[in-house]
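Let me give you the structure first, and then I'll get to my questions.
Letters are used for the chains, namely A, B, C and D, taken in the order the chains are written, and counting of residues starts over at 1 for each.
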């Protein structure tokens, strides 16, 4: 196994009411724990009574031993002082994901190929699908493929079966063109940990068949949106969006073909940012530190 | 006065039920009238029972004398044979426009500067505004500025006054950030001859304050849309759209500032295409031959 | 096997000195042969003494039987009259390609996946490589993989071996990140039939290591260029280019990673246009009818 | 006069060898001086023996009185400890600029209109030109226009005359399509303080007539580059670049027309970043904190 380039890197995400001295406190704390800041980004939602957000990437010698110590100390000294929410993660400890797909393979394959090339630092626990179409391609990567069909009658059971596969094995979920709507119960198990790719430029064309709607409205650009899944369909915090130019010659089928390329890229970028702990949810919006 | 580069150029737009032989008939007709085709573009909405659209640009010797003859002959021989709608225009005969503006000058100034540089081949009959803000800047171009305030009570009268200024002097209208909604009666006087710039990527954020809505939804791109005005607000055929990338750092004010740039460009492109007879309305969509 | 959507479609590409009546002649000819024009695009390099280019797509009943007749008639009646070069192809008769690759798989995999999804209408005769890295992935698509190593000493022999595999089996060649420079003799066997993807925005950063050069120059965009291979390295006619935005944070490695995405897309578009007979070479430039 | 939104904002730019504790030291220093950090961005060129760069924006009560004190203290305590180069500027103290133009007005007008709309926080000391073409338009903004013609014989004198106008009145210079090459002596008076807009995507098409060269090479995108002027023509550090898509239909004139739009935007962005102290020159490259 090759050396993990992230083995001594940790990342700290914080959120708290804005006030003076936070950067100084946090950077001092890290310096005193012998951490070397390699990246720092911050954001304040407004200057008066706003919220403060920060992402710090730092190197730490003997990280595996020292990070828990640092984390406990942070919790005791800094967090209460600033009424802070925080998350510290070890970049070398890969997040485990379940990929969901239905029939169309383009978004899934894009992720698998990038993962194989080392562009996406994650462990793939399994691929879940309500169809068998992608089984062969997935298994050729040496990955587990759970075929769990969903019909009108068995949706509750199917989700229960899926959750059994996932619990304890998975940190987050990617819906790579999974065409089933997840129940409120399912979504609540993974709050802001399910990333979906919607095949339109939200909030335009919410719901089914966005390319048909785009064709009928005669838009001159089509798009795709990666967002966190919440209980409200297509209403969750947007992570990333992109568009491509079209014209009157594009049939619905050509819109779909072009759209696949946008979907692939938008989802891949959103996943990469998630893996690198660059995203903080703020209400129904996201702060993405890139 | 400098030589008009369009003096011997004409343009033919047609629309008819699709069938075999239209291109051959039309191109033969033009050849027999000594016209030299310099550009030709066509579109069929679908292969069975579709509609056929074509734009032809051609040079014609002694155009001023011969174009009326050609037009009459076209009407008699080709049009009935194919159940055709058509329009022939002399590129050198500039379209006359009225520009409408409220307070924000960016879209208007962009058009005036491009016009002055020779990028937009049109005659500007006048600028109409419900505010006085842009009066000085407009008059420095040597143009007439009609200040016609609109209040809740006088809207009908104000439109009547505007129409008096326009009738007989104007071929089309550009709403360059004119913040009044035109009445059904007004719109019907200029069917598919009023171009509006809407400050969002339609159909997202219809109506007032789209940048505030975009900020609240947390989109990662903002856009603008040039469209023909119909009786349904922001629902007319889309001519052109574009977007620009934003992030969590963009306040509503910065969205507006960035949006101004998109609005300027999108409107300028739509107007240029209109002036060059590149747009055919097809139901609630446009075919733009570029 | 599913029905070929192109079975009754043919495409005509022409090039000749510009003069009046060409469109009329060609469209009449096609009409008289019962062809139905479904797409037509043309270009004139300049109005006086220029060259004329046209692409026509048409449907023809019983195409397999009638296309040879039409082709012969075209050659006898139209071609001599206008001093024309032309090419007529049957859209349903798929072009056969050899894909060349070295170690990096991204451009190759993108083409194979699009091909498998039906986005690229071509027959893949084989994949040729000077390395074994992609062998397994290629063979999983059921394709032949010829591993033909190239060293300083054996280049002539290696090319001879490759040509033996290709002759009679291949209509064109795609260099999907093949890192060997082909000899003049090899290139001459496939004039304007070898498409290469160069990993920079030509003419910037010709030659080796463009991403390192881009990093050193501090450019704010990196790009890729698909072009026909000629005897002059990186100097052949450009088919397509694209760029992506970068900043000071991008190391050479991250430029390469981002660049892979641009390369994939640019090459895929160029290949699609080539397969659809949309490209005409004009001196050292291309006309692409899209 | 309206309230200056920047009246209590200052910006600190630093550069030093990378080592641990810089962020902590600087943020502590600012906290102890009662400054409230509102934006912070940093960059390290590489992890071992690299250079460290940082931009901090902060609010300071009674800034006019306290900023000199803070600056002196920073110079005494922080700078020597880290072998630091630094610059502290008061955001409310507007930079003074001289705009240079030749005949083409588009880049100049874009800057003047943005300035008038409040998008560019700078004081315009004067416009310098070797032609009279833009005199009227400039003076309608109430600005001084120095017409200083340049011929082969009088270049030295002309530059001397220009420098007399500038000295003491100007912090930086913008070449908004000024078509004279400045002498080494002139450039040395404003090191990394002269921003030029070059009408190509550098390093492609260095020197004169880039659009003609782009036309001849048959590129599929044209671009523009804003860069600092150094003694080597078109070789200075790049600040910003952008491109637009073109095709075989674009004559050199149309490339120029489209190019004007790119030039305008690229220059406007570069100037805005300069005014906001977002740019640090690093060798022949720039770090732009946006």
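Basically, contacts are C-beta pairs under 8 Å (C-beta built on N, C-alpha and C of every residue); 3 or more make two chains touch, one makes a residue touch a chain.
As the structure is a computational prediction, the values presented were derived from the model and not from experiment.
Matching CA atoms, the turn from chain B to chain D amounts to 180°, rounded to the nearest 5.
Farthest from chain C, judged by the mean position of CA atoms in each chain, is D. The pair with more inter-chain C-beta contacts, choosing from C-D and A-C, is C-D. Annotation: 37 Å between the Cα-based centres of chain A and chain C.
Chain C and chain D, compared by their mean Cα positions, are separated by 42 Å.
The multi-chain contact residues of chain A, meaning those touching 2 or more other chains, do not exist; every residue touches at most one other chain. By the touch rule above, chain B contacts chain D in their complex via residues 105-106, 109, 113, 117, 119, 140, 257, 261, 265.
Contact residues of chain B toward chain C in the complex are 20-21, 23-24, 27-28, 30-31, 34, 36-42, 44, 47, 59. Note for the complex: chain A touches chain B at residues 43, 201-205, 217-221, 223, 237-243, 247-249, 282, 284-288, 290.
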